[in-house]
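Structures incoming, each one as structure tokens.
Note that subunit A is present in both complexes that follow, paired respectively with subunit B and with subunit C.
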Partner chain A sequence: MQWRNVTVFLAGKCLRMATLLTALCLLSFFLLRLSPIDPVQAYVGADMLQVGPEQRARIAEYWGLDKPPVEQFLHWASAVVRGDFGTSMIFRRPVLSVIGERFGASLFLMGAAWLLSGLVGFTLGVIAGMRRDTWVDRMIKWYCCTLASTPTFWLGLLVLTVFAVWLGWFPVGMGVPAGLLAHEVTLGDRLHHLVLPVLTLSVLGVANVALHTREKLIDVLASDYVLFARARGEAGMTLFWRHGFRNVVLPALTLQFASFSELFGGAVLAEQVFSYPGLGQTIVEAGLRGDVPLLLGVVLFSALFVFSGNLIADLLYRIVDPRIREGAGV
Partner chain B sequence: MNGSQFDMAAERPGRPLTGGICQPGFHRRHRMAGMVLLSALLLAGIVAGGILLGDSRVATHLDIRNAAPSLEYPFGTDWLGRDMLARTLKGLTLSLAIGLITATASVGIALVLGLMAATLGKTVDSCISWLIDLFLSLPHLVTIILISFSLGGGVKGVIVGVALTHWPSLARIIRAEILQLRSAEFVLTSRKLGRSRWWVATRHMLPHLVPQLYVGFVLLFPHAILHEAGVTFLGFGLSPQQPAIGIILSEAMRYLSAGIWWLAFFPGLSLLIMVRAFDVLGDNLRRLIDPHSAHE
Partner chain C sequence: MPVLEVNDLSVAFAQYESGLRRKELTVISGLNVSVGSGEILAVVGSSGSGKSLLAHAILGILPGNARLAGTIRYRGETLTPARQAELRGAELALVPQAVTFLDPLMRVGRQVRLAARGSDPTAAQRAVFARYNLPPAVEKLYPFELSGGMARRVLVSTAVVSGAQVVIADEPTPGLDEAALRETLGFFREMADAGRAVMLITHDIEAALRVADRIAVFYAGTTIEVARAEDFADTGESLRHPYSQALWRALPRNGFIPLAGFQPANCNLVAGCSFQPRCPRAATECAKAEPPPRVLRGGMVRCHYAS
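And then the complex of A and B:
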């Protein structure tokens, strides 16, 4: 009974996602078509003077750019349905393989930052909530509010200046050491290059979760059952573990999953600062150099990424939370 | 947490006055008014500085290039000998203007769509909620890059991009608020008394929406400014000739490894302080004006 409900819910969500993705395909395709940046020009780039009008026409024909936009869209869309996103103009490789490779690098970065910011943010929120209106609470609140107005890329630049340029502890950017062949790069090298971007992203990601957890915990602590528990003499960590933790952890977890969109945005900026070869840097390159197929691919992929985060958040509520589970089961 | 239940009960209605500045004659409201004044002065100073400082300070002076921060050049100079303080102030003024335009536009879009969703029936409502989902399904930065790309970059691209990405959450709030208001007793009574829809909307509903719109604006503004700076930093926004914080920081990136840290440090810090000042201004002003918290 209960699982059937979850399945129905899941199917509804996926259907909605399908309509959204279709609209997104249409919208982004025609948005990009609207662009004054000429894709042939972008493709030719610096060789502008050596490419004559006939060659331009040939290139346009090769990419299918001489056909009417609707026909182009149908051509592209039917290819996408078959799993073919076309060829990236910058990398001269299939879009999907570029995205796959870059997303692998981004996944490390985003995953580590996500985990770290979640854990630290939750802990800070709990501390602030338990010690409400003390100096610890005010410090944490002030810190979180300041973080909310800090530009990600500026923090990245600061971290880079202090730890890479002045102290020299970490390399200045890039995903792997320069001048090494792919098989010579060790896991340690990769981790070494990952530390600063992860630090930047997780320092900023803390604010949201911490403030939210603090509010929730204050609500819980004001409830009647906590009042009763206090009357029985419970206090401190025991009180928190028995009555606070389970009520607070689920909203925090949901919030973390629902924040995939901000995580992606932060990663785009952080990857740019640290020249980290991830998906974020790819979309910037594709946009700046007019690589339409790659740009479309990354846009659709980021939509899928955000959607799966939101879906997990919804499912968590349905499956983990006994109140909603029971309610849905009736 | 060691407080007894009585402390908690006492805390419930409003936060107790805390801190050492609570001497007689110096109330919370005074302190808030002081903060408002201070932030307003800071913002006014930034704008005045940005407008009044002549172009001579941002002209090229090759004899003083890469000067470290000093009394004459508090933010130092860049590789062309331009005064970073003047560039930062001009950049902040531009950011402030773009932030105001985009946040206002976003609030406007949110108001119109929220209103339509709440009043024009079920079909329009589900269409708009689908539209909201569509805009929330992409990371903001990706949407802005997409829109900016399709408009060919520049100021126009950034303004349209940022304005079009920040309305969805506010539109949801406004829709919920109006739905709640429509079944409120004073609205129903007024309708029964034969008032027109227009009368009800402007006399009874709008005053309730104004605080929501204001709070929405205050919350949107920092996001708008930071996104503008971010997109410009990535290279999609304002052109390199314009004095924008994003441009300054992306140029600074090239000089970081040479140890010229002041190119990035001060402009970014100023941006942070400006956004914070606006936050403080908006939040305190709201609490001073809003009747719900005016008694504090």
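And then the complex of A and C:
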């Protein structure tokens, strides 16, 4: 294996990542400056009437809001480089600890949805491709095309209405039962709260992988090498495992990793609908209440998350596909 | 008795034109060929004339929208689709033309072993690689890493390890240089000499003549003549059909005399004899009725006026 090439490739990617993040920080920072939300007001909230002008000025000074924007940005950026993301205004805790906690919850949600949608989507795609133009294929295609045009929040509300409100099988929202102390919450409770958001996210995530896998499998089945395999007497599932599977699983995996952005986007909406205390909900809160350090932190973090997905997808091809791994180079 | 016998074979494809009007496109019609053990039969026809479909029809791997008529017999037994499925890869083997017929993500050694039907696939694969001068390291390579020569030998190996008694090679000598051509043709001669029946489907009549025992000339979806290789000699007067003669005379060494016109793209476009628009000997009879196949001087011909 050509590790040197992989190293060069990784270095290039990291450079790209650094430039991307810098640009993203600049953009978000100044977009926030332009937003009509007054951070001080957002911070103080309903108590605004009781806060006098001097107090406001003091708050602004405390957060560094009285400095010119460029200075504020540089101040923030240099702190970030040192690993200090500042303090969240809403939570009054270091941004990193907020993100860490919220991301943990989101990771649970997104990971479960990612696995489930990947497995189910791939299986459906394979069945549709193998049984092309039969009623099974048409059903799967219809299901996927319908889902592909369904908004996450709408499906979330639907799922919530049916399973939580009408049937009462699952809690209406939140990550843990209300009114319990942290140490009283069991893993079962957490999973119980996770079911509906995961369901919503994965039901939607299935469509992409399934349709993509179906297309790929149909291409593979029409290829010269499958024709030759059939000429050698291979058929059915043997043929699929020998020649179909390995030729469609890699594109499916790649697609699944490259779709981290959709996954994250879906999670933001699903977490809103289910009031699930994850990173998605945090970003909405931070945005609405002008919590600049937290918002920037989450933006950076989510960019890093999506970028890693793409990076893994690229690396997978380089490590798994022999044509690239043992070929002329990266 | 021939090992493989194809009688009155027709292959048609269902096509849907604008709306739901169903149309049948016939690509092979009334085709007869047979090949015996120890023999090489070359099926020669111009590129893109549907010769590959003959191979796919014999193996039973035509696409789903193809309709097949006529009979295919293996050792006297008429093949049904179920029987074809049993014999594929065991008694009937295909040698495809290019490396694209190998799975790009599987090492070639494993692909050859998967084709082997004996008790020890690995030993069979190593033995055949050794015989074809493929270094042991080749079995660990992926198809994209093979040179053209290696790829050809690997493809031939798949047929050899299967132990199949009928080997159908589809265009196995595309644009090869002299040395490679000689080597590849030698592989097939060797197989025939070992008692196999070999059908060589090709557009290259010169290559076919160097190795084949008999030549079936394919034109507009059917075999218009089956001749012994020796019949292709001198000015071609031993040949029975005007098209075979034209094909022979168009070769560089025979004066490069070209034949005007084009081969019809599929069957039944021309009434009567499908060669009639280009035939120097055509007469009124030719446009009326399609000439039936008949035996002539130890060969077969489809021409009203052949003698």
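Methods note: the second predicted complex is superposed on the first by the 326 of 330 C-alpha atoms of A that agree within 3 Å, B and C clash if a C-alpha of one lies under 4 Å from a C-alpha of the other, contacts with A are read in each partner's own complex, and residues count from 1 in each chain.
Here is the rule we use: a residue touches a chain if its C-beta (ideal position, glycine included) is under 8 Å from a C-beta of that chain, and two chains touch if they have at least 3 such contacts.
A quick note: this is a predicted structure, and the numbers were derived from the prediction, not measured.
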_Output check: A:Gly233 vs subunit B and subunit C. Expected answer is one of first, second, both, neither. What do you get?_
second
*Of the two partner chains, subunit B (first) and subunit C (second), which one does A:Val299 touch, if any: first, second, both, or neither?*
first
*Using the superposition on chain A described above, determine whether A:His243 touches subunit B (first), subunit C (second), both, or neither.*
second
*Of the two partner chains, subunit B (first) and subunit C (second), which one does A:Ile90 touch, if any: first, second, both, or neither?*
neither
*State whether A:Tyr225 touches subunit B only (first), subunit C only (second), both chains, or neither.*
second
*Look at A:Phe307 in the shared chain and tell me whether it touches subunit B only, subunit C only, both, or neither; answer first, second, both or neither.*
first
*State whether A:Val98 touches subunit B only (first), subunit C only (second), both chains, or neither.*
neither
*After superposition on the shared chain, which partner residues are touched by A:Leu288: those of subunit B (first), subunit C (second), both, or neither?*
first
*Answer with first, second, both or neither: which of subunit B and subunit C does A:Cys25 touch in the superposed model?*
neither
*Which touches a greater number of subunit A residues, subunit B or subunit C?*
B
*asked:* Output the subunit A positions appearing in both contact lists, the one against subunit B and the one against subunit C.
replied: 227, 230-231, 235
*Given the complex with subunit C, which residues does subunit A contribute to the contact?*
223-225, 227-235, 242-243, 246-247, 250, 321-323, 326-327
*For subunit A, which residues count as touching subunit B in their complex?*
16-17, 19-20, 23-24, 27-28, 31-32, 34-37, 130-133, 145-146, 148-154, 157-158, 160-161, 165-166, 172, 221-222, 227, 230-231, 235-236, 239, 261-262, 264-265, 268-269, 272-273, 283-284, 287-288, 295, 298-299, 302-303, 306-307
_subunit A partner contacts - residues on subunit C that touch it in the complex_ = 56, 59, 61, 85-86, 88-90, 93-94, 96, 98, 100-106, 114-115, 142, 144-145, 158, 162
*subunit B residues within the subunit A interface of the complex*: 1-2, 4-5, 8, 11-12, 15-16, 18, 130, 133-134, 136-142, 145-152, 222, 226, 229-230, 233-236, 245, 249, 252-253, 256-257, 259, 261, 264-265, 268-269, 271-272, 275-276, 279
